[in-house]
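Take a look at these structures.
Shared chain: chain A. Partners: chain B in the first complex, chain C in the second.
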Partner chain A sequence: MVSTAENKTQYKVVGTRPIRHDGLEKVTGQARYSADINLPGMLHGKVLRSPHAHAIIKSIDISRALALPGVESVITSADLPQPSGRVADLGEGAMMNPKFLSNNVLASDKVLYKGHAVAAVAAADQHVAEEALGRIDVEYEVLPPVLNAVDAMKEGAPILHERLYTAENPFVRPGGLRDDSDPEGGSNVASHFVFELGDLEKGFAEADVVVERGFRTKAVHQGYIEPHSATAMWNRDGHVTIWCSSQGQFAMRDQSALILDISMSQIKVIPLEIGGGFGGKTLVYLEPVAALLSKMTGRPVKVSMSRQEVFEGTGPTSGSFMKVKMGATKDGRITATTATLIYEAGAFPGSPINPGVQCMFGPYDIANGRVEGYDVVINTQKTAAYRAPGAPAAAYAAESVIDELAEKLNIDPIDFRVRNAAKEGTRRLTGPVFPRIGYLETLEAAKNHPHWSAPLEGPNRGRGIATGFWFNGSGPSSATASVNQDGTVSLVEGSPDIGGTRAAVAMQMAEVLGLPAEDVHPSVGDTDSIGFTSTTGGSSVAFKTGWASYEAAQDIKRQMIERAAYIWDVSAEDVDLTDGVFHHKSDPELRFTFKELAGLLLETGGPIVGSAAVNPGGVGGAFAIHIADVEVDPETGKTEVLRYTALQDVGKAVHPSYVEGQIQGGAVQGIGWALNEEYFFDDEGCMTNSSFLDYRMPTSLDLPMIDTVMVEVPNPGHPFGVRGVGEVPIVPPMAAIANAIKAATGVRMTNLPMSPGEVLKALWDSEESKNSD
Partner chain B sequence: MSKKIHVQTNINGLDVDLLCESRQSLLEVLRDVLNMTGTKEGCNDGNCGACSVIVDGRLIDSCLMLGVEAEGKEITTIEGVAYTHGLHPIQQSFLENAALQCGICTPGFIVAAKALLENEPEADEGRVRHWLAGNLCRCTGYDKIVRAVLDAGKTMATQSKSES
Partner chain C sequence: MMAEKGPKAKALAGGTDILVQLRGRRFFIDRLVDVKGVPEMNELSCSAEEGLTLGAAVPCYRIYEDDTIQSLYSGLVDAAFLIGGIQIQGRASVGGNLCNASPSGDTIPILIALGASCVIEGPKGSRTLPVEDFCTGPGQNVLQDGELLVALKFPPPAANSGAHYLRFIPRNEMDIAVAGAGASVVLEDDKETIKSARISLAAVGPTPIFAEEASELLAGRAASEGSFEAAAEAAKAAARPISDMRGTAKQRIHLSGVLTKRALREAVARAQG
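Showing the complex of A and B:
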């Protein structure tokens, strides 16, 4: 369902639902994903991983492995240059500490989590490579691990990085090492910062009701179905080709160059189709390893992870400890709020604490507030981005407290949010002022949705809502497009297509040129074939690469108008393009269809190529509200989702089917996070559920249909009004379901996941406390 | 390296002779020996369905079957689903319903749906959700996949009626 909040220009292509350009290859099995590459003479690599969560590597002996027939090379971090990683070397806005990046790919002096890569083998086939791993002899000095942030912050806790410096600026990536001359010791706190606004004391004094609660969430994995795989060929001239799937071929290139200490132009990354990422395919893991093994052997090497390695060796998102306090007046106005968020970064600094803090109270106009964030390292997997990084856990805490306030004040939870809603001009607690946003319109749509007014009968059933905000991203992006003589356009863009963005990007070009969507043929270029394009992330592609595509189309349009004017011998100012026809503004005789003119290009001056390289501002934030009906089985504690509706301000849905798909997919990942998913660790820090059997993601059987409503409040910062849509739908589900469970059972769940055992325990505890009253 | 075994099988209607090691799964044989990479690996332990194939009419996770067990069997993989001159109704329906995002799970879902709908084109939502519970998709939330399978079932039911 699309509900349009503002009168909108009618588009011919944008807003329609053509079949995606890359669809045929994907339904026939022809599309090539990362592991689908097989090169002549190719070797297979495997990575040896640490059995300990925290240990010093005393020595590594590779001789027995090398002696195994079929083994061609064994590498360790000794084969990689080791960057210093000092604060001074990181510079302003450095994306990440190269030492940490490198040591996550292959551990140097210490292993910091169970599953940490220690060495790698290249062999004739993967079975031989696996056998060889068992013949690498590593001597460890095992250290006590620290497995959660609260323990890691205690006095006397085991320190992961002896010289780690605590950053205090939320806008600089945490994680620099102190200089050797700096006497200060290391800390597990990589970053600590505070945002403050207004007068807290006054705010809380004005409140009639105050709610304060603590929350705990666990690490969850992005759960993409395609395991990581990378294939590399180190050519004799020192140039390396890497085939892999990632969210950004340029990020893979630049990170690999940093780790291998070669120039980025020596590396060409060829992006293969990506089988899901959700933020988890933004960091290198295998690419430098495959490259180095290829350098050692002179042959192409493919390294692929097993599912267990994906769980144990790649980034889940952070677990968290959170505390929220909020006050409101009787008439439902929030007067003040405070929050402390402690996010677990895993083994290396860099949890999404900053976006978590920034998005937490995004939907609300809050005059007095204070939010404090901590980024804390512990002996678990280095975390990676996961869909709206940081925001879902924070929203779970905030939206649970808001639900409780509304309940205490006996105010409808949607009305409560309407009374406090952020709108154009509202200053966020963390600083920025909102441009035109569609939060109120989305709340309105929820209020009017039949789901909200439908009766929900039966015992143990309840309905909950929650909202969410994600600021969305942008970044540099490039597109080039050439006009074919048959009147079609071949478009090359730099954004890996993770869920239908080729279509969304091509459609924006087609709209400008008056062509049907099918006549623009999009493809994703390698790092030598297209200009720099930042990673597919932050819900940025339909926005930034859509913009590049729009601009490249304008470039084509301008050149073709000039060409028509040249052919007709008139002034270009008198020629226009309308609905795919170039025409003279006053002489109706002079007209060319796009196709006719395209057919004349070669003999009238040569081919036409349009291009654009942009870094657009004007990002529009996204808001969502979800409504969940659940039934809780009082015998088993199992929660079933009976009905689910997700409403979202999507700006302008370029391809509504894929926007709906993003909303549904995000909601369901959130449902998994809410009800089942978590990393289990034993006392030694070994993950005990590293398979899809034990790490339980939602299946088709666990879910109802996910109803979606796309509210369209166009983003004034984009030519078609596009807002990012992919991430915000994972923000509300945990709180929506927790609030529904509260409505169903009277029990408020403050820990994730709300798995059957946890819910049952909470039900029993509340029974007990009732009985003892 | 262990000794290779000669296997004679039939894949997508073609007789195939191949050599494989006894420890190789059917999935490995398809992907690494025959370079038929349409069948995907998501877990290699029977928990995601990305490797679904049909063996003698039964839906199988090819990562759980040995390559040598293919001897004398008839196997259908994703590469054998389309017709010579067009897509199978299930493939068409996946495209029309936008039932894929990243597409890595798609071959497995299409093969699984084929195994269901060829026998039960009129399967209802509950049956479809139950049948597909062995196939994981992390992108779509299953909504559009279930709709695509239900739609394809309708098309197939009409086709088989008009054929008979």
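Showing the complex of A and C:
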């Protein structure tokens, strides 16, 4: 369903649903993913991983492994340069000290989580490589691990990084190390910061009701279906080619160059199709390892992860501890709020605490507020970005408290949000002022949706809502497009396609040129074939690369108009392009279809190539509201989601089917996070559920149809009004389901996941406290 | 072939457990003997008079696609149908599930409830024993080196009988039981009184459990909620679960009761026709 708030512009291509350009290859199995690469003479690599959550590496003896026939090379961090110092921005708010990035790829002096890579082998086949791993002798001095942020912040807690200092400014990236001369010891708190607005004391004094709650969420994995795999060939001239699937070939190139200490131009990264990323494929893991093994052996080397390695060796998103206090007046106006968010970064600094804090109260106009954030290292996997990094946990806490306030004040939860809604001109608690946004329109659409008014009958059933905000991203992006003589256009862009963006980007070019979507052929270029393009993340691609494509189309249009004018011997100012036809503004005789003119290019001056390189501002934030109906089995604690509707301001949906797909996918990942997904660790810090059997993502049998409503409030900062759409749908589900469980059972769940065992326990506790009253 | 290698040999039927365990380096063996070609292990014969003979290598799909089994042993069909997905059911065998001896094995409780027995062949001849005596611990069973589970034999279903197996899982499919319960009941001709019953539990002890007291107390009682409640309490007393990431001991004991009740309700409904 599309609900258009104010966009009356009629487009020919944008807003239609053509078959995606890469669809046939994908449904026939022809598309090449990272592990599909096989090269002549290729060796197979395997990574040895730490069995301990926290230990000093005393020594590594590789001699027995090297002696095994078929083993060509064994590497450890001693074979990598050890970078230090400056902190790099890796996109999606993930900040990283290069030393830490390198040490995560191969541990140096310490292992910091079970599954931490320690060494790697290249061998004739996978079995030999695997056997060789068992012959690498590592001597560990096992240290006590610290497995959650609260413990890690305690006096006397085991310290992961002896030189890590606490950054006290949200605009200073965490992960800095003290100088060796600094006598101060290290801390597990990498970052601590506060945002404040207004007068808290006055705000809480004005409140008629105050709600205060604590929340705990666990680490959850992105759960992409395609495990990581990288193949590298280090040529004798020092140039390296890397084949891998990632969310950014340039990020893979630059991070690999940083770790290998070579120039970025020595590396060419060829992007392959990506079987899901959701933020988790923004960091290098295997790429530098494969490259180094290739350098050592002179042969191409492929290294692939098993599912267990994906769970144990790559980044989930943070677990968190959160406290929220919020006051409101009887008539439902929020007077003040405070929140403290502690995010677990895993083994190295850089949890998404900053975006979490910034998005937490995004939907609301709050006069008096204070939010405090902590980034804390613990002995678990280094976290990586995951869909709206940081925002879902924060929204779970905020939206649960708002639900409770609305309930206490006996105000409809949508009305409560309308009364406090952020709109154009509202200053966010964290500083920025909103441009035109569609939160109110989205709330309105929810209020009018048949789901909201549908009766929900039967025992143990409840309905809940929650909203969410994600600011969306932008970044540098490049596109080049060549006009073919048959009237089609070949478009090369730099954004790996994880959400149907080839189609969305090509359609924006087709719209400008008056071509059908099918006549623009998009492909994702390697790092030598297209200009720099920032990572596919932050829901940025339809916006930024769409913009690059729009500008490259304008470039083609301008050149084609000039060419037509040249052929007709008229002034270019008198020529225009309308509905795919170049025509003279006053002489109706002078006209070329796009195809006719394309066919004349070579004989009238040469080919035409349009290009654009952009770094657009004008990002439009996204808002969502989800409505969930659940039934809770009081005997087992199991929650069944009966009905689910996700409404979202999508700006302008370029390809509505893929926008709907993004909304559904985000909602489903959120439902999994809400109900069953979590990392389990034993007391020694070893993950015990590193398979899809015990890491429970929802299957199709666990879900109702996710209904979607696209509300279109165009982003004034983009030529077609595009807003990022992929991330915000994972923000509301946890609170929507928690609020529905509250409605169904009377019990408010303040820990995630709300698994059957946890719900059952909460039901028993509530029964017990009733009995003792 | 198996005796030659002693403990270093294992039988391969559907392979859905053993191949995963070998890849996971849970144990190391020298010989894997594919038994899918052994005729006795592929026998599937079923009649109201003779009962059911289920070869140990018969995959699950053959069970639930068999109309006679569906009508006579619907409880077994419940279990065969919820192991893995369609692809797994094309390979996985009930015999293999039993030999794997997982405390949470989904077919074992219903075998116990239905009073099935194991036919074992080995270098020293053949022997038969009740399923409830087969598993000895997690992953452990009574088979000696060189012995093979050949078939499972089920007595013919009594008049007015019914059985059901169900488990509790956090998802709706593709999951491992937090707890499971199987029940079979034989009703008197009045269809209101329980003549006899057998109740068994999964995932609440080192082996699947035959809940004897819960079973016996039902004999002669009305097929009513009150009786089910009493059996559920006795089943809870028989459960000896551990706490792990799949569930706490307290939760599992509680679920043993809930599932016993639910299994009995359905078994009685089936017995009443």
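We take it that the second predicted complex is superposed on the first by the 761 of 773 C-alpha atoms of A that agree within 3 Å, B and C clash if a C-alpha of one lies under 4 Å from a C-alpha of the other, contacts with A are read in each partner's own complex, and residues count from 1 in each chain.
One rule holds in what follows: a residue touches a chain if its C-beta (ideal position, glycine included) is under 8 Å from a C-beta of that chain, and two chains touch if they have at least 3 such contacts.
Model, not experiment: these values are computed from the prediction.
Shared-chain residue A:Asn689: touches chain C; no touch with chain B.
Looking at the superposition, the partner that touches the larger set of chain A residues, chain B or chain C, turns out to be B. In the superposition on chain A, A:Ser63 makes contact with neither chain B nor chain C. In the superposition on chain A, A:Lys638 makes contact with chain C only, not with chain B. In the superposition on chain A, A:Thr699 makes contact with both chain B and chain C. In the overlay built on the shared chain, the residue A:Ser263 is in contact with neither chain B nor chain C. Once the two complexes are laid over each other on the shared chain, residue contacts for A:Asn448 go to neither chain B nor chain C. Shared contact residues of chain A with chain B and chain C: 693, 698-699, 701. Chain contact summary for the complex, chain A toward chain C: residues 635-636, 638, 675-676, 680, 688-689, 693-694, 696, 698-699, 701-702, 755-757, 760-761.
For chain B in complex with chain A, the touching residues are 1, 21, 23, 31-32, 35-45, 47-48, 50, 77-79, 81-82, 87, 91, 94-98, 100-107, 110, 128-130, 132-147. For chain A in complex with chain B, the touching residues are 17, 19-20, 22-24, 26-33, 35-36, 38, 69-70, 124-125, 127-128, 222-227, 273-278, 306-307, 498-500, 655, 657-658, 660-662, 664-669, 691-693, 697-701, 703, 705-706. Residues of chain C touching chain A in their complex: 168, 170-176, 178, 245-248, 251, 254-255, 258.
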